[in-house]
Amino acid sequence: MASAGSKTRTSPWQAWGISRSPWVYHLATGTCNNCDIELLDCLTPRYDLERFGIKLVGSPRHADVLMVTGMMNRKCLPRFIAVCRQVPKPYIIVALGACGANKGIFHDSYNTVGPVERVVREIMKEDTIVVNVPGCPPKPEAIILGVVKGLKLLQERRR
Amino acid sequence: MRYVLELVIYPGFIFATAVGLLTSWFERKVSALVQWRKGPPVLQPLYDLVKLAGKETLVSERANSAGFLLAPFLGFAGAIVASLILWNANLGRSFLGDSIVLLYLLVLPALAVILGGLASGNPIAILGATRELKLVLAYEVPLVLAVIVAILKADSLLLHRLGNTITIGSLSGVLAFFVALLAVQVKLGFAPFDIAEAETELIAGPYIEYSGPPLAVFKLTHAMLLFILPLFLVTLFLGGIDFRGLGWLWGILKYLGVVLAIVLIKNTNPRLRIDQAIRFFWRYGLGLALLALVLAIIGDQVGLRWL
Amino acid sequence: MPSKIPIGPYHPLQEEPEHFILTIEGEQVVDVDVSIGYNHRGIEKLAESKTYDQVPFLVERICGICSMSHPLAFSLAVENCAGIEVPPRANYIRTILDEIRRLHSHLLWAGLAGHFLGYNTVWMWAWKYREPLLELSELLTGNRNHYGMIKVGGVRRDIPPEHYPLIRKALDELKPKLEMLYGAVLDDPVLRARLEGVGHLSREDAIRYGVLGPTARASGVDIDIRRDYPYGASDKVEWRVITSERGDLLARVEVRLLECFESIKLIEGCLEQMEPGPISADVPRKIPPGEGIGQVEAPRGECFHYVVANGTDKPERLKIRAPTYMNLPSFRATCLGETLSDVAIILAGIDPCYCCTERLVRIKDGRGERRLSFEDLLKLSWEKTARLRKEAKDGCVE
């Protein structure tokens, strides 16, 4: 999509702002709940992501980072696309867990439409940054690392 | 020119924003400490604002876009003028009836939230706006009664004179302060009265459709309210901030103490139901405020300062 | 004028996508409708293509919170089908891990319930106390959440004796914190105001809807698979089933928090009685034809697996019924007439686990045009039965 392509040109201060206060919206698309819990776990005292300004928000309109978990179920697909369209740009997507990265153990399921990155690239045809965090479930440290890497990519992408 | 400078830099927009953002950080830090966490860095509220300013503004198809986009600025304007009046009063510059004007100005942010929520055309936002409206109806009367107690004690409508009277030194003053503190808690949208935003029920309530700069304005207004409302309590009930000598240090301590009380109430209470909140204010809030008023009048007539 | 408020599919109230449509008048909820399928992953079908050694890993990923119960129930079902005797030490290890999982799940729920009420301090504190349990799991099994410990006929890894004191120490440290949490929740007047008398489910309704687990026990229904149909080592250790007669949300909180103490008792008892020995029985690669059931008391209630074996190394059919499937419909009894704020916490009050529940799929006819309703399916079933009968009869004649 041409408009999406032009929108992804992020100015330095936009990328800087997002890297300083990434607000996370969490989206489960056919999960076993575990990545979701580990994500919440990141906010609790042991890991405390608020140190880096990361906050969980309830409305996609407030989000900068979409945390997508699960193997992208057929019923969730249109909802996922709708949510992506509601997020103000620029934003990044983090696909959590083995399911989000490559469908994981549900690879052969009849109800999956593929990993998150494939959906974003081939079905939505957008070049939003997608970071895959493998693991079943990924440890909170890995989740933090995934977000950090995504934000770095966003800063590098500025032109 | 002086007025413009006053409005924009000190003690208007920039000053109030800076103090408000610092207070906002203080609030988040204390919350984090209560919850065994480390908490965000000092400039975190500012980062949030910069980030939001750089995001896209989305307006939903069902929204009334003019109302939707103008509403944040209504509350913002109210907050700026309120901070101006309040700070000037503490500096000794006051005009007749400014306490009444202040009360009106402090309703504007709530009105802005209601307008914005209703204009956004989202059923959840509308529900949040109606809840906010109910809350305004619930807490305004007790708050005004509590302010009247302070006015009776100071025997003046001037905020400056109010600021020089330590209302809390009397029994009625303590009761009125307590009622006003709870009303401030609602105005700030903190637990147990965060019913309008109610993250786990209404997602973000009236703010649900806002994104980017308009949301930043709402956040900014909230940060400024976090500066204005505790200062309002300090001025009305705790004797204000005295700028002679080391008085300002004592004033800051009073201010931080009030903020701390607000944050601790926020972090040790679950959210009330809307009917419980209204019942609470109309029964206990109004009762306490009326009692304080009666005590204050009696004390005034009989001449007992401690009543 | 009634208006419709959606809760979900994506809503901060739930980690999982689930769509509730609440019809409200003002703040009062007059109707609840639920739309499921956002979490359906086709696990039952997938299980038919995996060997008995692989299926425990698959069913473990039905749910991340009760990830001990599903593989355990599956293994019990296969063992029941093939008549495999599990060595005693494996049984003890199974119970220990199951109870650690229950502790973690109940603490998780307590924290989330606080979060749903806007009481984030309770959330943070409960999850802080839960963290040592996850560490303990990592020590014992190698992973924080999905353990991969259960296999048909036993467990995969032993608990070495030098880990016993570590487990005991973690539990001893947990006890005072649990007591503190219990006191803090039950003594808080505002919390009581929000929980007491809300979402009341009477004993009759609980039986009528067939609710399970802590939800049933909070309504005074005295059921617990660990006692009624013992598995693992739950019949060898002294403990008791917690029930409450009140049936409201406060009772559900109380039952869950008190159950944590019973879980600690169970683990400690197991550690005391455990003796060295083998941890796994010999299991044939191909399970002889037959059927078996496995029941496990998951943190949310009875988790039930039914396995049909056909003599190969893969199950012919696996049917799973998770506790939330039974608990979910009780919303109709508890939610109607309550306010929206209360419904949010009532929905969370049964500790719903939608990813456990989603075993359904919409069935369309061959061309994918028409959705088959209950009557259609009934008719298809009758037709097939009639055909089979006819074939059987014809076969007899020949």
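Chains here go by letter, A, B and C, matching the order in which they are written, and residues are numbered from 1 within each.
What we mean here is this: contacts are C-beta pairs under 8 Å (C-beta built on N, C-alpha and C of every residue); 3 or more make two chains touch, one makes a residue touch a chain.
All figures in this text were calculated on a predicted structure; none of them were measured in a lab.
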Topology of the chain contact graph, where touching chains are joined (line, ring, star, complete, other):
complete
Going by the touch criterion at the top, tell me which pair is linked by more C-beta contacts: B-C or A-C.
A-C
Rounded to the nearest Å, the gap separating the Cα centres of chain A and chain B is 36
Intercentroid distance (Cα basis), chain C paired with chain B, Å
45
So, in whole Å, the Cα centroid of chain A is separated from that of chain C by 28
Multi-partner residues of chain C (at least 2 other chains)
11-12, 124, 128
Chain B touches at least 2 other chains through residues 35-37, 199-200, 203
For chain A, residues contacting two or more additional chains
44-45, 58
Which part of chain C faces chain A closely enough to touch in the complex?
9-12, 15-17, 37-43, 45-46, 49, 57-58, 61-65, 67, 108, 111, 123-124, 127-128, 131, 144-146, 353, 355, 361
Sites on chain A touched by chain C in the complex
26-38, 40-41, 44-46, 56, 58, 60, 70-71, 73, 75-76, 79, 83, 104-106, 108-112, 136-137, 139
Once bound in the complex, which stretches of chain C touch chain B?
3-6, 11-13, 24, 27, 114-122, 124-125, 128, 188, 190-191, 193-194, 339-342, 344
Chain B partner, complex, touching residues on chain A are 7, 11, 13-14, 16-18, 20-21, 23, 44-45, 48, 50-53, 57-59, 61-62, 64, 86, 88-90
For the complex, give me every residue of chain B touching chain C.
31, 34-37, 123-124, 127, 191-192, 194-195, 198-201, 203, 267-276
